[in-house]
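One structure below.
As written, the chains take the letters A, B and C, and residue 1 is the first residue of each chain.
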């Protein structure tokens, strides 16, 4: 290597929606959501997310992933509503399968996964955070997180619910899901929905420190332990995957739901 | 309407044991237990409770129910022991079916249910509170709540236990059930057995505010979410209902149990 | 009885590894681990433990057991690694069956069981504490407790995990098991892994007081309640016992595991 050139221990591949940088010396990949305006989970985003996870999973040099956002104030706004509005059955099928695929890969990942939540994280964004091994959130009370589907007249799928119950327990999940609550960071921490709050400027440093702590353990035993803890909930979706797709289609095809999604999109447009 | 007469937005039906007032403008019904001396759950009380819940459930104007007591210092003292003492098998069967029916209706209600616990609430009284969506208790440390069956030498049925575990988790439920603990309000709050404490004079105001917050959500998604959270536990009793009745009869028919219930009743009489 | 001689209300039987004293007046037995240097759970220790529990269980005079250690700073160091190193299949089978047997007896005991944790309690030592009805720990931050198997490259068996989840819930168990955490006493208390901390000199006094509180309840209802709470998890091991033994043998027979256990033993020897 010629003098003067910086060391290049990182391999990065950037697609349109997510930037991935793997530091091979530490074995840690950074996944940065960079899909303006709000990192919504479109079919394209979800596909890219699943492929990126698969690549890292198959790369022996990668042992852990830190997930964060490059968009100010937003981690991810959740499922892209435009994918659910006025599209064909085929499209709904493909879209929902991609949502399932993303969750199966992330919740079932054998890598250590840390969410560095540097902005608000409703609905599907919250699911991504819940599916990681550890959640650190910027301690800004303006940032909120939660499965707020009920607010939109939508029911969170059973595997969103299972993931949520595993993190916060039955009582908190029942109330939060029924109310479609978006919890400001301090409240989310109190409920156990996030594990730790840090000042925003220390978020990445803290995430790296937590990751180092987790990677100090031998991989094999940790991976088997993770599987033991999560298998029942993962298996439940695998067993009911087609049924879950049918449910989604029958739900999203209802004229009343289409109407309320269109109204919601109009409202979002006007906000801009 | 002639001047001087109050507006009458409420429909009320009062039976002997429970007073029900539905405010059709808000969609909220008040159910007030008014069965002296201690709102014990007799066959008559339970039947009236189930019928009242059914009426409200079938009334489109009703979306939520606040449950409270008109008896000072007592929410409900639980199952009426006289119904379990020296009666026929037929009576025990009818009584236990009524206890099951009440719980199936309340825990499975599609309405928002808020318990405004303005007094002590042992055993079956605690079950009623646990079966609501939200529990607010007067912050008087003299008021206590818990499934104290073990104190009387009785075992709480499995569905009391399931409901309890869903609220406070396994460890707290295991200890509290084994000890038959009656938790003073502040302790009950700390354990998560009640969601909130307020000064007694603010209890109804708070219950109304909480109800308004829950009713701000669209009903349909909230109801489906509630079903998703509670179905497993409800289905378990439905599947084992006759077996559960048989268990109760075989238990309550034991001479040793009859004796200890009679002694307990004597003690209660002397207290008066 | 001649004057000057102390009253002798206790029956004690002492074997090589555990001292057992039953106070027939109170119905409480003390079990004191006294197997230097660290009360490790050898085949001999486990066998003696199971037999002692069985004797007490069958003794009508005994209603409760307090478990503690006579070794300073150590409650129990967990499974004896020498039993897993360079032995025959027959030996591994016998050893693992003894581990299962101990847990089935302790977690399923109809007696009240209180752990008076007067020292560190990793891995199998933690399992013993988790299997009791109540855990009191000396509030010394140098004493730690946890299922740290992952630190040694080992996976805790599913029934260790089930017992742990019943005590601390899913989220805490998932993180703690993956990290193989040993929690200092104050942290263990905060997580709910132990129920209470007291100064070391008050530990036995407190354990006796807690036991008296539990024994104030009638045995029968308490026992049925305990069974109701623990049966699902006990049944799971009973149903998969042979499979669990096979898993252990196949795991412990791996050359990589043998190597890392040998290295760990070398390290322990050097420490002395």
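Please note the rule applied: a residue touches a chain if its C-beta (ideal position, glycine included) is under 8 Å from a C-beta of that chain, and two chains touch if they have at least 3 such contacts.
This structure is a prediction, so every number in the text was calculated from the model and none was measured.
Put simply, subunit A has to spin 120° for its C-alpha atoms to lie on subunit C, with the angle rounded to a multiple of 5. In this structure subunit A contacts its sequence twin subunit B using mostly different residue numbers, the overlap staying below half.
One simple way to say how far apart two chains are is to compare their mean CA positions; for subunit A and subunit B this gives 39 Å. Touching of two or more other chains is recorded for residues 169 of subunit C. By the touch rule above, subunit A contacts subunit B in their complex via residues 149-156, 158, 161, 169-171, 173-175, 177-180. Put simply, subunit A touches subunit C in their complex at residues 133-134, 165-169, 192, 195, 213-214, 217-218, 220-222, 224-226, 228-230.
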